[in-house]
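There are two complexes below, and they share chain A, which is joined by chain B in the first and by chain C in the second.
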Partner chain A sequence: MLSRTADSLYWVSRYVERAEYLARILDATSRLTNLPSDYGGAGTEWQSAVSTAGCEDEFAAAYGEANERNVCEFLTFHPDNPSSIRNCLAQARSNARAVRTALTSEMWDALNGAWLELQRFEKKRMDREEFARFLDWVKNVSLVFDGSAYRTMLRDDGYWFSRLGVYIERADNTARILDVKYHVLLPANEQVGGSLDYFQWTTVLREVSALTAYHWVYREAVKPILIADLLILNRRMPRSLAACYESISRFLDALGDAYGRQGPAQRHARKTLATLNNTRIESIFQHGLHEFIEDFIIDNSGLSNTIFEQYLQ
Partner chain B sequence: MRIRISHTIGYDYAEPARHITQILRLTPRDHDGQHVMSWRIEPSIDGRLRAGQDAHGNIVHSFYADGPISALAIRVEGLVETIDLAGAVRGGPERVPCEVYRRDTLLTAPDDALRAFAEEAAAGAGTPLSRMHALMAATAGRMSCRDASGRSGVGAAAAFAAGEAIAQDIAHVFMACARHLGQPARYVSGYVAPSGGLAAGGGAHAWAEVHLDGYGWIGFDSANGLCPVDTHVRVAAGLDYADAAPIRGARQGGGSEHLSVLVAAREAGGRQPAQ
Partner chain C sequence: MVAFDEMTGSGQELRPAYDALDRWLKEAPPETLALRRSQAELFFRRIGITFAVYGDEESTERLIPFDIIPRVLTKPEWTRLEAGLRQRVTALNMFLADVYGAKECLKAGIIPPDLVYRNACYQLEMVDFQVPHGVYCHIAGIDVVRVDADTFYVLEDNARTPSGVSYMMENREVMLRLFPELFATHRVAPVDNYPDQLLATLRSVAPRSAPSDPTICLLTPGQYNSAFYEHSFLADKLGVELVEGSDLLVRDDVVYMRTTQGPKRVDVIYRRIDDDFIDPLVFRSDSVLGVPGIIGAYKAGNVTLANAVGTGVADDKAVYSYMPEIVKFFTGEEPILKNVPTWRCREPQDNAYVLDNLEKLVVKEVNGSGGYGMLVGPHADKAQIESFRRKLKASPEGFIAQPTLALSTCPTFVASGVAPRHVDLRPYVLSGANGISCVPGGLTRVALKEGSLVVNSSQGGGTKDTWVLDA
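And then the complex of A and B:
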């Protein structure tokens, strides 16, 4: 396979995954801001949504204040934000068009249809209800694309590259959510277990659709250390860092087998997987959750660069 | 190196057993020098197989089956990719402080002969690392390694007196001496793929690891007289054989038992690990 084709397949999946992630953040943030102000929210929910999306600098350049209207506009349709939902879907589609023949028709239909429908959403003036429908639609696009890749793609290098894109992006997203909310997860002096904490913690879980999974796994009240455990180390949780790296390592192994040679990307992924499998959440909290997550984000984008150097250029 | 392991442990009972419990430390974990690509444990009879961890971070499976059982075979199949790190073990599950591994156990208690041997072996060397290398060379020179089939361990002191032992007791001798010299040391059970430089190899094996300041845990395989390289697959670690044994069990009924072990570790070949 040409590395150009592999590169496009990798980025199609990454951009679709990122669009879904942005929709999740916006959805969870508007839930949080809908709480009565009696609960004593700090009022910085929208700013934290921008940080979670990882585009603080671009946002500061485009707008002054982080309020609902600005943030929603910036993360959905703003042309200057390279990772707005609109631009993610545009990038996904243009990458897909470049490798049209490497995709199945179902995958292409999902992306192309999404792009056409997006134009209709963009022209509309959306109220809250309509906006919520839009976010659901974005999540649905990702589900349809992901599902058609899973159901229709031949299991060869093209599929593995596209999966690598999904899981690298997903690991990055989960880590970013934890990074922005890590202060929420740390034991605070005042009123731990108060109603605000509870809502913030459940927001973290909602952002990754893990609230039900949490209760299913731990069968107790929402606790910060267990949330971190679920999202970092629990391999049963499909968005956890450990689960993402299990998949990354598996697909890199498959590539290594198919091409008959392995390299730095395989070694890097295995090393990170071993670390995640051998660590316990207590020792992560002991050494600092924030430091762990920061290191992870750097390590993860390091792996992305290694994959690029080894396969995609 | 890519190593394929297939290990079958079979029990035949003179009369059917009513109930069997087995504790299996037969599953390796990843660390910087090894990556488990696939691993499977298959008991030959129906029962409950539950995974857990012990205090050292080893993966432990408990197997329970109700009888009547006249024969049981536990089959392990796996594929592991290893990298040569010159014996260093990093990125593994370190659950307890390394000082814990200075504790003597029944199997590693030194006698006067062992203490004298340890001090003499390490006398010429300066740094802790070179002392351990000298000790490994002396142990390898003193002890000759016997095939493990049909034999069981006797402990460090008895093995040292005999001058020949199976791999697990050579590891005990080395650990007893290392602990006497003040280094934390632990027992490691695993597999080795056959290779030109190895005296003992091609199956289940045992060696020791020593904790050295500035280096972390380093493996010493005194049965072969070298530090574990990419031919070694590390499965479980503990204070001694009894603590890290691949399989331990208890049963009700069954009379006398006949044990058979079939193990093969070989290079899977074909793929080069380096690009």
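And then the complex of A and C:
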């Protein structure tokens, strides 16, 4: 297939996944800040949401204070934020439009319909309830798009590139949540039974919709080291770094088989997957959770570049 | 001036082809029709069939209004039209081969040589070059207007990159979905085999050195082009890659696409980029849409471009006025389709007449298209007429003039109900190594403003489904 087509398929998926991620961050942050102040945090939740979204500089340039109104506006519809939900969906549609023929009509419908609907939301002044509905709607757009891709795309290179976009972006998102919240998970900060931390931790889990999963997997009270284990190393958890890399490696192998040629991207993904499979969470904590995550984010974007060089240019 | 109405003739009768449609219009409850109209619009919006209007900042993507009342042609009407179209396109191709080759028609004095040689669309690159299989104009859109029960005029030949065929197909698709009952009572000739015919045409003109299953692609200027929807629609229906200039590269006079598995050789390019932009090494050097070296590959015989480079010399409005003579010279037959009577302002006698009758005439720029740069005398104010008078005096060779035709009308849904509106017709004619084909009908464009004769979508025109009845 055309390199440009593959590139667009890859990015359509990344942008849709990112839009969903932003909706999840906003949703989890609203929950946290809505708690009575006895249970709530230090009032830095909205700043933390901006950091998790990875757009601190752009936000600082557009606003002074990180409060609910500013952050919600910035992460949803702000034109100067290249990664606002609006711009993510716009980029996804624009990429999709350029490669219309490579998408199934269901996928196009999902994106084009979302784009038309988005303009209705954008014009409204939303109260809290409507805003919550809007966030649900964004998550739903991603679900419908993802489901359409899963159900209707031919299982060939187009599908694999589109899936690679999903998992590279998802791995990046999960890692970013951990990167911002790592201090919450560190033993030094652990105060047994402290309600403050408990809600911070569950927020991390909510941001990746893993709260229920956590209880099923560990059958224990919420503990930071197990949260990190779930999000980094547990392959049963669909947003964990290990699960993402299992998929990335599988789809890269499928490409390698179909094209009859392996390359640096396959080797890179396999190496990262092996590291994740052969590491224990205790040793990550010993060597520094923060460093581990920082390295992972760099390594993950390195793989994205390698995929670009090998296939997309 | 009373126009011929395709449903009611002079207004008194009911022409037989519209019999059942008339009954349906009278019987269907107005709410139902209104509902179907909004469903049609929703359908077009959902599938993203839009076009861009240049210079319109407000909305970069707009829908072309679709009218749900079809335009109906009978089988005998179509049979004659089709014969005329085949003859016309045969002549266009022979004319192009001649002006870039033996130049017999110039020697015979059929057309003044400077109209060819000084034409901006005449490409010196093409002189004495043998195009693959001798076909220049693979895809032609011939604009036809009707003035009475028996007379169709050719208004314009489009021999470069005619657009609109996706609307022809999508209009039918919408009608089939929304009004299945109408198709049960009418035997409408299908149009959905157009992509098959186009693909067969493109395959037939692959270079002789190409493999038996040639690689074909469609070259688009990109998603900001007004016809991008159509480009992606056609690529999809043809099952070929939709490429932009940057997706192609030329090495040793061979064209390749950049794919995820490395460069892949291309044999036939259905290009929807104008000559000027196709190769910055040969034409406009500032073009970023084109492919450097593609003309070299073309002339080395390693790739076929459809349409060929330089076809614009045949659809020029000044050359148009000579088409009856051109048809006769090359085919040896009387033209089946007439030209609209045309005054050539380059000829002093004609220009004098035009200057005296500006308020009655339609004056067109020889190189204009899409309804831009045109004076419709009866609808123009004094200032517009005087401005054209100055232009005509300054450079008469840049213009032609035609009488204001009473284009036929067709019943159309407008705010006030069903009313007659002027229509034209663009059938699409395909020429390959194995001959000419043409799907029945084409794209009917309708001027939605009352009394307006300008059907171009950029000027507020709409479209209709076009039916050729099989019985």
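Here are a few things to note about the model shown:
The rule is short, and it goes like this: the second predicted complex is superposed on the first by the 308 of 313 C-alpha atoms of A that agree within 3 Å, B and C clash if a C-alpha of one lies under 4 Å from a C-alpha of the other, contacts with A are read in each partner's own complex, and residues count from 1 in each chain.
The rule we apply is simple: contacts are C-beta pairs under 8 Å (C-beta built on N, C-alpha and C of every residue); 3 or more make two chains touch, one makes a residue touch a chain.
Nothing here was measured: the structure is a model prediction, and the numbers come from that model.
With both complexes brought onto chain A, simultaneous placement of chain B and chain C is permitted, the two fitting side by side without a clash. By the document's definition of touching, of the two partners only chain B reaches A:Gly256; chain C does not. The vertex angle at chain A, taken between the C-alpha centres of chain B and chain C once both structures are aligned on chain A, is 110 degrees to the nearest 10.
When the two structures are aligned on the shared chain, A:Ala98 is found in touch with chain C, with no touch to chain B. In the superposition on chain A, A:Thr33 makes contact with neither chain B nor chain C. Of the two partner chains placed by superposition, only chain C is touched by A:Arg4; chain B is not.
Touching more residues of chain A than its counterpart among chain B and chain C is C. Contacts of A:Arg267 after superposition on the shared chain: chain B is touched, whereas chain C is not. Smallest inter-chain Cα distance, chain B versus chain C, after superposition on the shared chain: 11 Å. Chain A uses residues 261 to touch chain B in one structure and chain C in the other.
On the side of chain A, the complex with chain C involves touching residues 1-6, 94, 97-101, 105, 108-109, 112-113, 116, 157, 161, 255, 259, 261, 311-313.
Contacts from chain C toward chain A in the complex involve residues 45-48, 222-223, 228, 232-233, 235-236, 241-244, 246-247, 257-261. Residues 29-32, 35, 37, 57, 81, 83, 91-95, 270-275 of chain B touch chain A in their complex. On chain A, the positions that touch chain B within their shared complex are 249, 253, 256-257, 260-264, 267, 270-271, 273-275, 277-278, 280, 310.
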